[in-house]
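Two complexes follow with chain A in common, the first pairing it with chain B and the second with chain C.
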Partner chain A sequence: MLTHETTEKGNATILRFSGSLDALTVPEVRPAVDRLIERGGIKVVVDMSAVTTIDSSGVALIISLFKRLGAQKGVVRVAGVAGQPKEIFYFLRLEQALALFPSVDEALKGF
Partner chain B sequence: MALSFTACVPGELRFRDLVGTMVREVCRRVERDAGCEGLEWRVVSAYNEAFNNIVEHAYAAGHGEVEVLLRVDEATDRLVLRLVDHGAGFDFGTSGAVEAPPVDALSDGGMGLFIIRQSMTEVQYERREDRNHLTMTKRLSECAAPGRALHGDGRC
Partner chain C sequence: MARIVSLGPVDAGKAWRLEAECLLGRRLDCHVCVHDQRASRRHARVRREADGLYLEDLGSSNGTFINGKRVEGAQRLRHGDELELGVGGARFRADLSDEAAPMTDRGSVTVTAGAEATTAMIEVANLAKVLEKRRGSTGDLEAEREIERLQRKLQAMYRSADTVAGAQDPTGLLERVVALVLEVFPQASTAAAVLVDPRTHEFRTPCARRRRGAAAGVQIPQAVVDRVLRQGHSVLLRAPGEGSPTDTMVIKNPLVRVLGDGVDPPEGGAVGWRMGAPLTFRSEHHGILHVEAEAALGYFTQDDLDLLGGLATQASLALHLIQLHQGLLARERIDHDLRLARQIQRSLLPREPPRVTGVDFAVHYEPAFQVGGDFYDFLWLDPLKLALCVGDVSGKAISGALFMARVTSEVRAVAPLDGAPRRVLGRVNRVLAEVSEDGMFVTMVYLALDLTSQTLRYANAGHTTPLIRRGGRVLPLEASEARAMPLAVTPRMEVGEATVALEPGDLLLLYTDGIIEARSRSGEFYGQARLEAVLAATAAGARGTLEAVLADLDRFVEDAPQADDQTVVCVHFTGGAVGRTSLAPEE
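Now for the complex of A and B:
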């Protein structure tokens, strides 16, 4: 099960996921991600602090947001990755490609 | 202690967590009894990716069942997780990166097999009697004692 919410804080959009971000749930949240991408060059913080499990489909969604928004001069920061998702990010060396922050507050600094 | 179960579910994503919950609970129990940690994350990650691959690739052109066998044996220091389907086969030897692929090259399929290989000690694929047998083994002694840092060499 996955829930998501989008909030605005300052000049940034915060996309918060809660639950399992996987092959079963990604289709449910893809429209919300696509709407963010359609807005173009915006700053997005993906709050992963409540994501309990992620799989390759969930990672692909984050990568897609990062690449497609980046191509429109947007910026994506990822916050609060922990537990199993942190390990998957570590396996895939995503810390070398994505801007990872321990918390949303940290991610918003200087954004 | 030896513990095992087998289950058979339709090869559809909505049934993945039905068995996944059992896999998770067994791993939690082993973690607790054996005093290790990290087993659950790795085995569940491998299970999810293996099930996803069956649904998305083996059964892409049709439907079928997925048989799941999990066996834990502390005497042999092994957790064995096997998924069997009778969908389309694939070239396991050339599928999925062995090294972490660059972000630009990340794709669902290759990423899934890479995660399986990273999560487990040994992974074997066989095409036998028109069935795909994916056998994933984890050595229990690889799991860190509680309190030890998980990250360092990528192993628990």
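Now for the complex of A and C:
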């Protein structure tokens, strides 16, 4: 089960996922992520604090958001990743590419 | 009167009425004067046409966007649309709630959305007619009120037909419907769409909204979902909290019942604080629409329940149509592009494993769809060095297949130049990170087997962990220094490597995440631990071990559909002398 929600804060868009980001749930949120990417040139904070589990499809969604927005001069920061998703991110060495922040507030600083 | 309301960054909350024609821009004489540098002097125009309001961009430098999509030509404005003048610029919300729906000919409703939904609209319209007659003869106050209610209902139904018409995908549709529900029911505090997985019967909430504040924490009790789906019709719950049967009122086919009672207003004044309506089309349950009232704002009546039922019927029909449409599109794509992609892809995979004295190979490659994102390759670096790689491209279908072609050709070009796995992955990454701008990336494990020294050097870019079976034990190749992020994520990637000495009898198992992320019918992952267990439990050679793994996987997933490509490569070092016995096939 996965829910998502987009809010605007200052000049940044916060994309918050809650639940499991996996092969079964990613197709449901992909249209929303695509719409975000279509806007181009924007600053996005992905709030992962309520994501309980992630699999390769979920990782693919985050990387694809990072790459596609980056290609359009957008910026992605990832906030609050914890638990199993955090293990996976570090296992995949993604902290070398993605800007990880402990919380949304931290991610918004100087954004 | 239709209007637009500023969402900021300046003048947030300020509203402008939309006249027959009005200009938006920085010029002081624009009807909507925008104080933002991203706006052009004459940026956009809203015009009234016979069938509604249209927004057109007047050649602005930074473009005009409706709901994040750039406006080309003139685009019809819909209620709730978000306008943006230049990315990050001034934003407005279109408030067309007062735009009258065509109400002149209530008896003959134009069929736009489909039979089921319009039946409900026609019933409401007919009823309004009956009541109007009665008002004419008696001046009945009750009838007057009833007409008002019905008109509100009819208007909502028309708007709902409009709302669902433009949606392209299920989530987009449900988001529109949920927003409409909040508009139609001023007493509602939250609205949500719940979807039920037809296989597992688990439910999830792809969109939920609160009138005020973040949608997080909107809870829909499982009991309510179960109940609405079991009964197959709309349910009004009296208690704000839960739904014990005594607290509830159930109305069967409410519209027909109201009609059957002729012109009597709904009896009893039954009210509730929570409503659920099934999203059902021809006995196929998609989920429910759920709305909750805020005690301070009011409650729901049977009328509201009828209305929610009508909206749900329309949404169900639209949902069904979208799914049909998506199904057709998907099939078309498969029929045309995928056949080509499949040919390209198959031509890239080795036709058969290399022949090496003292080493046996077995390969299983099973795309989930016609074309997969998995690949594997064997490359002779010199007569005594063989490179193996297994990978998984994130893109699907033709774009994925083309990207895979690029990946394998890069590996083939780079590998003979330098035997060190970390430098092969580093070089391939630099090329791929430059060429792929569309979000694709690839995980790959690359191993260089030295037949002389019987060692294996490896580097792993975000791929699954290779396993070695030695005796009855399993040795994962998971050295931290050999692990890197997936390729093509960023040009700046650090990658190291590790070496393992092989022993006679060792069996190397490479696989893709389609194996360990295969799910059972109950949704559980197969997982690396099970794979290790089955590997440890067999002493067979390459072919036998491969078969044991696949048989165990089959038992685990039973008849659950395969969601991802599955690739397994087994390499068995049988012991004794080793050496190349034939040329690699691609040469």
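One rule holds for everything that comes next: the second predicted complex is superposed on the first by the 111 of 111 C-alpha atoms of A that agree within 3 Å, B and C clash if a C-alpha of one lies under 4 Å from a C-alpha of the other, contacts with A are read in each partner's own complex, and residues count from 1 in each chain.
In this section, contacts are C-beta pairs under 8 Å (C-beta built on N, C-alpha and C of every residue); 3 or more make two chains touch, one makes a residue touch a chain.
Since the structure is predicted, the reported quantities are computational estimates derived from the model, not experimental observations.
Aligning the two structures on chain A places chain B and chain C in a clash. Judged by the touch definition given at the top, the superposed model places A:83 against chain B, while chain C stays out of reach. After overlaying the two complexes on the shared chain, residue contacts for A:91 are found with chain B and with chain C alike. By the document's definition of touching, of the two partners only chain C reaches A:2; chain B does not.
When the two structures are aligned on the shared chain, A:23 is found in touch with chain B and with chain C. Legend: residue contacts after superposition of the two complexes on their common chain; A:52 is shown touching neither chain B nor chain C. Residue contacts after overlaying the shared chain place A:60 against chain B and chain C alike. Once the two complexes are overlaid on the shared chain, A:32 sits against chain C while remaining clear of chain B.
In this superposition on chain A, the options for chain C are 113-121, 185-193 or 545-553, and chain B clashes with just 545-553. In the superposition on the C-alpha atoms of chain A, the part of chain A touched by chain B in one complex and by chain C in the other spans residues 23-24, 55-56, 60, 63, 66-67, 91-94, 97. Listed in rising order, the residues of chain B touching chain A in the complex are 13-14, 16-17, 38, 41-42, 44-45, 48-49, 52, 55-56, 100-104, 106-108, 111-112, 114-115, 118-119, 150-151, 154. If you check the complex, the residues on chain C that touch chain A are 65, 67-69, 87-88, 168-172, 197, 202-208, 214-216, 392, 394, 436-441, 443, 462, 483-486, 488-490, 492-494, 513, 517, 519, 523, 525, 563-564. Of all residues in chain A, those touching chain C in their complex are 1-3, 5, 7, 11, 16, 18-19, 23-25, 28-29, 31-32, 35-36, 38-42, 50, 55-56, 60, 63-68, 71, 91-94, 96-97. Remark: chain A residues 22-24, 53, 55-57, 59-60, 63, 66-67, 83-84, 86-88, 90-94, 97-98 touch chain B in the complex.
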